[in-house]
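Naming follows writing order (A, B, C, D, E, F, G, H, I and J), and every chain is counted from residue 1.
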Amino acid sequence: MTDEPMTATRAWAASQIRQAKAAQGFTWNDLADAIGRSVIWTTSALLGQQSLQSEQAAKIIELLGLGEDVKVALLLPAIRGAQAVDRTEPLVYRLDEIVQVYGPTISELVAENFGDGIMSAIDFELDFARVPDPKGDRVVLTLNGKFLPYRVW
Amino acid sequence: MTDEPMTATRAWAASQIRQAKAAQGFTWNDLADAIGRSVIWTTSALLGQQSLQSEQAAKIIELLGLGEDVKVALLLPAIRGAQAVDRTEPLVYRLDEIVQVYGPTISELVAENFGDGIMSAIDFELDFARVPDPKGDRVVLTLNGKFLPYRVW
Amino acid sequence: MTDEPMTATRAWAASQIRQAKAAQGFTWNDLADAIGRSVIWTTSALLGQQSLQSEQAAKIIELLGLGEDVKVALLLPAIRGAQAVDRTEPLVYRLDEIVQVYGPTISELVAENFGDGIMSAIDFELDFARVPDPKGDRVVLTLNGKFLPYRVW
Amino acid sequence: MTDEPMTATRAWAASQIRQAKAAQGFTWNDLADAIGRSVIWTTSALLGQQSLQSEQAAKIIELLGLGEDVKVALLLPAIRGAQAVDRTEPLVYRLDEIVQVYGPTISELVAENFGDGIMSAIDFELDFARVPDPKGDRVVLTLNGKFLPYRVW
Amino acid sequence: MTDEPMTATRAWAASQIRQAKAAQGFTWNDLADAIGRSVIWTTSALLGQQSLQSEQAAKIIELLGLGEDVKVALLLPAIRGAQAVDRTEPLVYRLDEIVQVYGPTISELVAENFGDGIMSAIDFELDFARVPDPKGDRVVLTLNGKFLPYRVW
Amino acid sequence: MTDEPMTATRAWAASQIRQAKAAQGFTWNDLADAIGRSVIWTTSALLGQQSLQSEQAAKIIELLGLGEDVKVALLLPAIRGAQAVDRTEPLVYRLDEIVQVYGPTISELVAENFGDGIMSAIDFELDFARVPDPKGDRVVLTLNGKFLPYRVW
Amino acid sequence: MTDEPMTATRAWAASQIRQAKAAQGFTWNDLADAIGRSVIWTTSALLGQQSLQSEQAAKIIELLGLGEDVKVALLLPAIRGAQAVDRTEPLVYRLDEIVQVYGPTISELVAENFGDGIMSAIDFELDFARVPDPKGDRVVLTLNGKFLPYRVW
Amino acid sequence: MTDEPMTATRAWAASQIRQAKAAQGFTWNDLADAIGRSVIWTTSALLGQQSLQSEQAAKIIELLGLGEDVKVALLLPAIRGAQAVDRTEPLVYRLDEIVQVYGPTISELVAENFGDGIMSAIDFELDFARVPDPKGDRVVLTLNGKFLPYRVW
Amino acid sequence: MTDEPMTATRAWAASQIRQAKAAQGFTWNDLADAIGRSVIWTTSALLGQQSLQSEQAAKIIELLGLGEDVKVALLLPAIRGAQAVDRTEPLVYRLDEIVQVYGPTISELVAENFGDGIMSAIDFELDFARVPDPKGDRVVLTLNGKFLPYRVW
Amino acid sequence: MTDEPMTATRAWAASQIRQAKAAQGFTWNDLADAIGRSVIWTTSALLGQQSLQSEQAAKIIELLGLGEDVKVALLLPAIRGAQAVDRTEPLVYRLDEIVQVYGPTISELVAENFGDGIMSAIDFELDFARVPDPKGDRVVLTLNGKFLPYRVW
């Protein structure tokens, strides 16, 4: 009985990728280009929050010169629960506070413009951009989710 | 000793506005136009999460035919703490889950593209749009915050 | 300034309906028939967890002989957050425990049969039945939600 | 003194089974057929939430070509506490939200149709099905529990 | 619109009964005799944790000289959730600590003597007795619940 | 520096005993007889919740053929804190719910029958029995604790 | 139906006593002398944490010139749960921190000097003194509780 | 890179000392005498809650025949946070409950006898004694802390 | 029985003062000057976190034209527990995060520069200043607390 | 597959630095001088809460005679989440209590002197000083953060 296979988690793969990427000077955009996906999706997939296909994992491994065990780990199911993020880290907390401050407003506007329902977090995509600004450049995140109406039966 | 002034809270003003607005058929866009602000800022201000100026409060009161006591309540300080939103309401929870799933990714991309710092939630604006889509229209939220680098001294 | 309109909540309407229904001997099925919806949807709507249309509210009010203020309250937005249910009440806790015990199993089977995604709780319906059994009748709940695949971009 | 036997937990056995099953292309249905039980019961048993009999464990081990230590681990008591499931994983959270939204409704209907009591989570079975639908296939879960009336003495 | 009916809760009825009982010198045993039930069941019912039948409520009201509104409140559904008890009150905490200290032992003995299952808290009765003892009288609680085996399917 | 002695905890001893007992077919009653104590006390002591005397530990070790290191671990102080039990395991949760539902009732009856004080959880014993019943055998737990009156000074 | 009797709580009585005592210049020692009890017991009783006898309540009411309704409230059961104290108030927190820092030490010394058991918080008394000290006077609290050995059976 | 030095924590040193002390039959009083400090201070220091001086650590090591690595660990900073104590262990919980029940009383008496301020938990000492009593010996803890008045500026 | 005196809390007094101050155009500095104290101490006292003397309360009441009932409320004990502040309000949260980020650093520097002890939060003063800066003015808070060494005995 | 690189965390680097610094008699000021930064920034950086540049890490490693693996760890991203500090450690708790007691006051004064906004915790610096005082030296912390006004759009 050995517990080695248990350490080959998505978190371990993420840490291997971060190290290899830093050592070889790749950016997340480079990795995204290698598999033909957006930079947000690719980064979240390599950090463990999306399911990867075998060819995608293979390309990443090849590009970064990592071993077969990293590839195996990358094909494990995605980990999307709360333990995958520390919400008290200052950057993440700012996002949390935005939900706190603007949550009721978004509810009102979705209700008024779409009716009774939600913005999907599954049929969803997110875009990241750096927007130049003379007073200090800005982070721009675009959240784009399908409206899902409540079913009535 | 009377406790009446204590009931004229921002939450009470928000509820008065919601009722008058519904009864008279106004939209949040109408209210935003009346004070010359964006619909997100206006809605969050009227729900209690932004500070209003006296003229802004006056215009809202006039438009909706509300009393002086609602105006007084609207000039109270903004309430932006966690008690102002129920994070388990399904729509708000989806936003919460997006932070959970994509928080580490956003951290990585801000660090790589900007350096050590955060996206401000104060020097921040949010845009709301309904985007038509043949498979079902989409909610699009644009978060736009200034990058703030950590000070070194 | 009066706080009366604030007491006309969905919870207050639910309590008015429960009392009138009990006093006059109606069942939830009777109320469901009156508005032409399933008994689960109707019950959850009258308890405050679904949005009602004006004609639906009118029919309920008429059937039960309740006042206009109950109708107004019934047209308020649905309340679906965690405060609307006490999860430590023994019956609700059994449902909670079923999620605890069978959650990982359902995850495995959805992944194997559908791929990476979830069962929607929005495009969702629930059916309730009493099934006779010589060893003791059984409660049968059928949860039916659309599979939503994670978007890749 | 060695701590090896302590690592042969139900969780460890579950992980061994998941890996062997994936490597050899078996489905949960195949494993269920091998021991003559339903797919839900079999999956939850192999994930650690049900007690297995010695012959059942033996058949699984044989089918998947696993060692005696996995069999020993499979015969440990079931683990059904909250630590066995991450309720913030998006799929499990949807189930959680369904309890939140429909819990009071189910309470009302059980009370009206059965009297004062609960739906058992012990004398209970769960069925899983994929139901085709032109607008997108659906996950259908059937919860079937014995009604237990409160004892009066 | 009046909120009076909402104050006629089970908790309010319990408080009315406790006061009338104290003022007139009745014991819980007297009330139990009046309705022909055990003292534990009767006390928990009058405190709000069991469902009463109309004749039982009528007898209690008559014995204590209480009004019709108390009777109505007594016929409301039982309240058995966590909010009905303060677990940090010293007496209740001792019960809590007994579960903490002896819980694993009871699990072992149920498993060894009955198999995989639980002691029901629904098909359950509890007995209370004062047992004389020269070193100080003792409180004796007898918990008696049906064994429920896990269903296998 | 070695950390081996730290692994010889009461929890480790409990796990060694459970395994040896299962492998050799002993029951908790056998172990209780070996040291001349009740089955509840013996089981809780071997699971780590009571302090054992040297001779008692020696007898258990001898009976089960375990090593000296298990005996040393058995003589460590008892572990009675909350971490020793998972209160969400279904069987333990039923006990928890019984405290929730019947706690206020027990408070009332102790106050009425004994005065202001508590049932001790220290000068306390617990008895376990399987009681045959044609409708299904029953688990009977008898809690027996000294009444302790509050001191007045 | 009136909810007045429900406001005559122990907390309300405590507030009435504090105000009358302050207005008339009495100290807690004066009140303790009036009923012939220690100052700690008397203060905790009047704040709601001990059960008072009818003559004791009568003497307090007479001394402070309070009404019969306060006396009735003083005879209600003691409230000793966690809601009766704010543990984050700085003075109370210091006591909390003392338990945090010295708890393990007290456990060791009780075990070594008395054996396996606890210091009772029921058969317990507490003394308060101001001890002069040239570097600043000191608060001295003496906690005196009966040792209770764990029962073995 | 080795992680051995990280295991030489204060908690590890405490466990080494407890074992050596038990094996050689020393009491905490013996250890206190060896360094010329009170038994409470010495015990809490050796358990990790006080800072030791080099000569004190040397004397303890010599008396118990422990190694240099234990001495090094004893000179690490004190650990006084909440993780150093399990507040649900029955003995510690009794102390916790005493703070719960008597906290408001102590606040009142400090305010009345000293003014606005607190009892220090830093300029503080604690004494432990076993006091014989025919009805059962008693644990007596004396808490002695400097009064600190709130600064006004 | 009236519950009016219970509403004359420190929180109510704070709200009365905030309103009168705003209506009449006073600043916190004006109020501080009126009683000859610093602006931080005065503001915290009027918000309820410090004990006021009778003359101080009188001066404030006179300056703002408030009633005797506000003065009575101002003389109630200070409220310094956690319920007096919403730590999720964005401004307060930033202070909270500063403790989170710099807490270990301050511990290290206090230990190195002063020895084993703490910075008092009681013998403590706080200063507030607005410091002009061409890149944006700055908030400067000076925390000044007496070092308290741990007592050794 | 080796998990060694995962142990080279910022926390591990901090512990290596603390040990080397203590063994060689350096102060935090010495380390700050070596990299030309303030003592607060340097200490927090070496404890893991700031991002270090390669030359800074190199100088620290050289000064303390540490290995290349410590340098690599020092260049990992900063860890600023809540897990990096134990807020119940007495010194840190005093800071926490200061936020609790003075938070609302600071909110009032920022609002009055700057308008609607916050004090940045990012564009922020902190200064530490020991100030001699005949009654006992004082810890003085100066918090200096840029005022950020809420954006209006």
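Here is the rule we use: contacts are C-beta pairs under 8 Å (C-beta built on N, C-alpha and C of every residue); 3 or more make two chains touch, one makes a residue touch a chain.
Small disclaimer: the values here were computed from a predicted structure and weren't measured.
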Smallest count of steps, each to a touching chain, taking chain E to chain I: 2
Fewest touching-chain hops separating chain E from chain H: 1
Longest centre-to-centre distance from chain A, chain (CA-based): G
Centroid-based (C-alpha) most distant chain relative to chain C: H
Chain centre separation in whole Å, for chain J relative to chain I (CA means): 25
Centre-of-Cα separation between chain J and chain D, whole angstrom: 47
Centre-to-centre distance between chain J and chain H (centres being mean Cα positions), rounded to whole Å: 29
Multi-chain contact residues (two or more partners), chain H: 40, 80-82, 88-90, 97, 100-101, 117-118, 120-122, 124, 148
Interchain contacts, given as pairs of chains that touch: A-B, A-C, A-D, A-I, A-J, B-C, B-D, B-I, B-J, C-D, C-E, C-F, D-E, D-F, E-F, E-G, E-H, F-G, F-H, G-H, G-I, G-J, H-I, H-J, I-J
Touching residues (chain side chain E, partner chain C) in the complex: 1, 3, 5-6, 80-83, 121-122
Of chain D, residues touching chain C in the complex: 27-28, 39-40, 43-44, 47, 49, 80-82, 84-85, 87, 89-92, 94-110, 112-114, 117-121, 123-124, 126, 128, 130-131, 133, 135-148
In the complex with chain F, residue positions of chain G that touch it: 37-38, 40-41, 50-51, 77-78, 111, 116-118, 120, 122-125, 148-153
Complex interface listing, chain B residues touching chain D: 88, 90, 93, 97, 100-101
Contacting residues of chain I [partner chain B, same complex]: 4, 7-8, 12, 15-16, 19, 67, 69, 86, 88-90
